[in-house]
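Shared chain: chain A. Partners: chain B in the first complex, chain C in the second.
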Partner chain A sequence: MTMTETNPGPAPDSGQTWSRYGATGAATRHATLLAVLVFLGYSLHFLNVDLSRLLGTFSGVWRVVSDRYYPPEIAYVANAGYLGAILDTLQMSFLGGFIGVVCAIPLAWFSAWNVTPSRRILFPLGRLGVISSRAIHETIWTILFVSILGFGMLAGVSALTMFCIGFAGKLFADEIEAVDMGPVEAMRSAGASDLQVFVWAVVPQVRVAFTGIAIYTWDVAFRAATVVGFFGGGGMGWYLKRNIQQLENTKVSAIILSIIAMVLIAEVFSGWVRARVNRAK
Partner chain B sequence: MASLDIDIGRVEGQRALVRQRHLKMAAIWAVVFAFLAWCFHGTIIQDTDWSRIGGANGVLGSLGRFLALDFSLLPELVIPTIETFMVACVGTVLGCFFSLPVAWFGAANVTPNRFFFYPAGRFLMVLSRSVHEIIWALIFVSAVGLGALPGILAIAMRSVGFISKITAEAIENIDKKPVEAIRAVGGNDFQVMYYGILPQIYPVVLATVIFEWDINIRRSAVMGLVGAGGLGLTFFRQMNSFNYGGVTMVILAILLLIVLGEVLSHFLRKAVI
Partner chain C sequence: MTVLKVRDLRIRYADNQPEILKGISFDVEDSDFMAIIGPSGAGKSTLIRCINRLVEPTSGSIELFGQDVLALKGTALRQLRRNVGMIFQEFNLINRMSVMDNVLSGRLGYTGNLRSLFRAFPQSDISRALALLDRVGLSDHVNKRADELSGGQRQRVGIARALMQQPKLLLLDEPTSALDPKISREVMGLIREIASELRVPALCNIHDVQLAKESCNRIIGLQDGYKKFDGETGTLRDRDLEEIYAMEVL
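On to the complex of A and B.
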């Protein structure tokens, strides 16, 4: 980590005090800080946020949780129907993650400036594809797909696919842009086509990183898959939605706890697999 | 002759190793594809009612409804867009404040107590990241009621995990020499923190916060779906009144906001690093 540049300060006998920034630097910094504070204050005013409510928030959360959500009804999440929903969530996240990663690889290739087949047409198209699937939140994708394809896991899988294209596409493209250009130029000068350059000069360099990113994408997709059901995409989220609407608060808290537990298991598992992949490279 | 024999032996050994590796890769792919087939069977074949979707025409028909843009919604989109942006900003700043103690507890070299505060800090980081923002928003809506506040709190809580994790790692990786130098000339704990640690972690932390802010704009756009205001609420209303052209307008507004955030964060990151 590098230290930020500092000014050398006055000579030891000049009688001035040392300061990290020069006069103009300090003025800009203070002005920026002031502008940010004014903007935040105005935002709170504009959003009509009552700061006194903020102070009571955490005691409020505590009161609500201990009154209504405690004790969690663990028996509810241990029945076969709910365990099936957990499996559904797993299936959706795996399928969505896989299709998303498969679609993300060509998009990342198009949207990496150094090896893109055409900088005029495919580069902006690839960028647009990745940015727009990233820009729309997975819950909005779910709602859109539910309105087109109907309730169920197909909509959830489609939404997760879009989410994973955006997530993995950006990471893949960053990884491709950081490759060593030596092999790429060697192959180009030997007359290789763009596809050949990608397959034989780029892929061998990014293979391990791509595997790691793909596993991480599944992990994040699983996290997202726990809530797509909330908007009609199937899986655990659907149980959450139903019990919230029926005000079955103790069941809701059990479901939330089970979601946290599943996400933790997925995170530990993906971390373990990624560590193994990195060791085996 | 002897050396040639050894070489042949090594080549054979390497071939066997390569073959073994290929077999292992084939086994991994076989497992992945078997799992994939099971997932495909469960989701796409068993769970989907294809007759109800109505083939390609049905899908194209439902897609077509989204294309009739509803420009009359335009004036109603301005205020929610600004609100969404503000919720993201305030939520990120609040998340930074929440991250301070968590990062302090969770950094192994400065934590007040290794056996209590360190695991507590690490646990809070994991908890914040493993609960989806929609669930955080549901919790806060039920605790503080509707409005922008639950959205801000949900975004803040969700940001804590990533910001404090990176900050704690940055604190763990600092160069100890400036810290010792300040101690040696008689600096107190606060001075050590302010002059020794802060300048070293500040570029990393700021870059992380800008990155998180960029993501938080996306998140704050959906807070309205569970009752926390902004563009999500407009989206929800348009969807529930089956005004698909209006839905597309809301999505375009979100895209505009995201592109703005992306451009802004690009310049901010350049200014910081």
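On to the complex of A and C.
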């Protein structure tokens, strides 16, 4: 036997064919892809995007920035009033994040299908609570609370609280639904109440993840706090709005730079703490 | 005295699915250490979970300590459950808690919500937990985290936790299947010993037929949701085993 001879081996040609998706499956997949592409083309057409204008914006942006916003008035953001506003924003995001996370824990417990204390009543209520706080954007929450409570930090904190309930509640519930059900079953079989099952079998499993999510929530809330301020919630965003209205462009650019810097610091800090928490298994 | 009476127990998880248990009836006496044997998928785990209502049967009746189990709700159900200790194949310990806390968690059914929130167990529970840990040979591991222990040690924690309930019946769901043959026999022997010391009857799922014959006085054979054998261990013949495991042999 020479090396060039092929060995048919134990797998002879059976003459049978096989297709991965079958006729209807393949048709559905192709039709779906086609529909997505058609909708994309239609949306672009509808927007009437003019390619030459789009390319022109880059030079336009450069001209506007260099003429009006440069140099940023750094001295403005270094004064006591504005530094106080940064502190306000920090406090607002911390308070909103804290209250939001505390409210989100019971809501997440209610709205986790596997360990909810009542599938008929509390589960839909918990889901409704989380979904409705998510459904409304934080700017709209701010506008709502400003119209009820007036301008300032209280409205800002309330809006951020609602935002954090929706944000953390969803992530907490997902985490609870992914726990190992073994300990849950063991606690139930020992005659534990629903609260005891949650505290003894669920919390130890999600504690680390919850801490990470809580820190992440604060980080996201801090970013949202600048926008909340813009709509009347107080803090850095409020300064931004005032200066935009007064056409103080160099001050605006300084404020935007300060926001970018603060958000970066918050993100790096939260990432560092979360990495440390996750190591503490 | 008869502790447990099961009659015509049937269960299906959803309307469009086949029945898992197809009319099972049997009794457990207060002196029994009873094995339930059968191939995978015969319904052993489902059957044992119906007894303390971790799984809801579709029809039939279960009478435990003279109480109609299927009629119980809320607090009454929890009070029944705390009288039934359960030991699991995968131990089901709380990995991030200490051995001591795991054993104490067996008392949750007797402890109020507020006390259990702060893990403030009465002194009597603490001394009982330490005595049980001593009995299962884990005195040196009281403060270790549960996930630092070996498989055999973890199951000993599971045994101590179940005994914390001061159970009147033990449900054992494949208690040794996750352990190697030598440790399996040690753990089974320990459960057997303690059950007879405390005069607690037991109902034990097990797929190791040899181990079942060694440790149990009565055997029930399940196959595909039907009871195929019910009798003293000595009366189990090879012919019965062939029938119980027919599906696998084919």
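We take it that the second predicted complex is superposed on the first by the 235 of 281 C-alpha atoms of A that agree within 3 Å, B and C clash if a C-alpha of one lies under 4 Å from a C-alpha of the other, contacts with A are read in each partner's own complex, and residues count from 1 in each chain.
By definition in this document, contacts are C-beta pairs under 8 Å (C-beta built on N, C-alpha and C of every residue); 3 or more make two chains touch, one makes a residue touch a chain.
Here the structure is a predicted model, which is why all the values come from computation and not from measurement.
Visitor: Could you tell me whether chain B and chain C fit or clash when both sit on chain A in the superposition?
Guide: Fit - chain B and chain C, as placed by superposing on chain A, sit side by side.
Visitor: Contact-wise, after the overlay, does A:A178 reach chain B, chain C, both or neither (first, second, both, neither)?
Guide: The answer is neither, since A:A178 touches no partner chain.
Visitor: Look at A:I260 in the shared chain and tell me whether it touches chain B only, chain C only, both, or neither; answer first, second, both or neither.
Guide: Once the two structures are laid over each other on A, A:I260 reaches chain B alone.
Visitor: Does chain B (first) or chain C (second) touch A:H137, or do both, or does neither?
Guide: It touches chain B, and chain C stays clear.
Visitor: Regarding the shared-chain residue A:G191, is it in contact with chain B (first), chain C (second), both, or neither?
Guide: second
Visitor: Quick check on the superposed pair: does A:S147 touch chain B, chain C, both, or neither? Answer first, second, both or neither.
Guide: first
Visitor: Counting only touches as set out at the top, which of chain B and chain C does A:W200 meet: first, second, both, neither?
Guide: A:W200 sits against chain C, while chain B stays out of touch.
Visitor: In the superposed arrangement, which partner chain does A:I121 touch: chain B (first), chain C (second), both, or neither?
Guide: neither
Visitor: Which value in Å is the smallest Cα separation between chain B and chain C when the structures are fitted on chain A?
Guide: Superposition on chain A places chain B and chain C at a least C-alpha distance of 7 Å.
Visitor: Quick one: which bits of chain A touch chain C in the complex? Just the residue numbers, please.
Guide: Residues 182-183, 185-193, 195-196, 199-201, 204-205, 207 of chain A touch chain C in their complex.
Visitor: Inside the complex, what are the residues of chain B that reach chain A?
Guide: Chain B residues touching chain A: 35-36, 38-40, 42-44, 47-49, 52-53, 59, 62-63, 66, 82-83, 86-87, 89-90, 93, 126-127, 130-132, 134-135, 138-140, 142-144, 147-149, 152-153, 170, 173-175, 199-204, 218-219, 221-222, 225, 229, 235, 239, 244, 247, 251, 254-255, 258-259, 262.
Visitor: Considering the complex alone, what residue numbers of chain C touch chain A?
Guide: Chain C reaches chain A through residues 52, 54, 78-86, 88, 90-97, 105-111, 113, 116-117, 158, 161, 165, 171.
Visitor: Under the definition above, what is the set of chain A residues touching chain B in their complex?
Guide: 1-4, 20, 39-40, 43-44, 46-50, 53-54, 56-57, 60-61, 63-64, 68, 87-88, 90-92, 94-95, 98, 131-132, 134-137, 139-140, 143-144, 147-150, 152-154, 156-157, 223-224, 226-227, 230-231, 234, 240, 244, 256, 259-260, 263-264, 267
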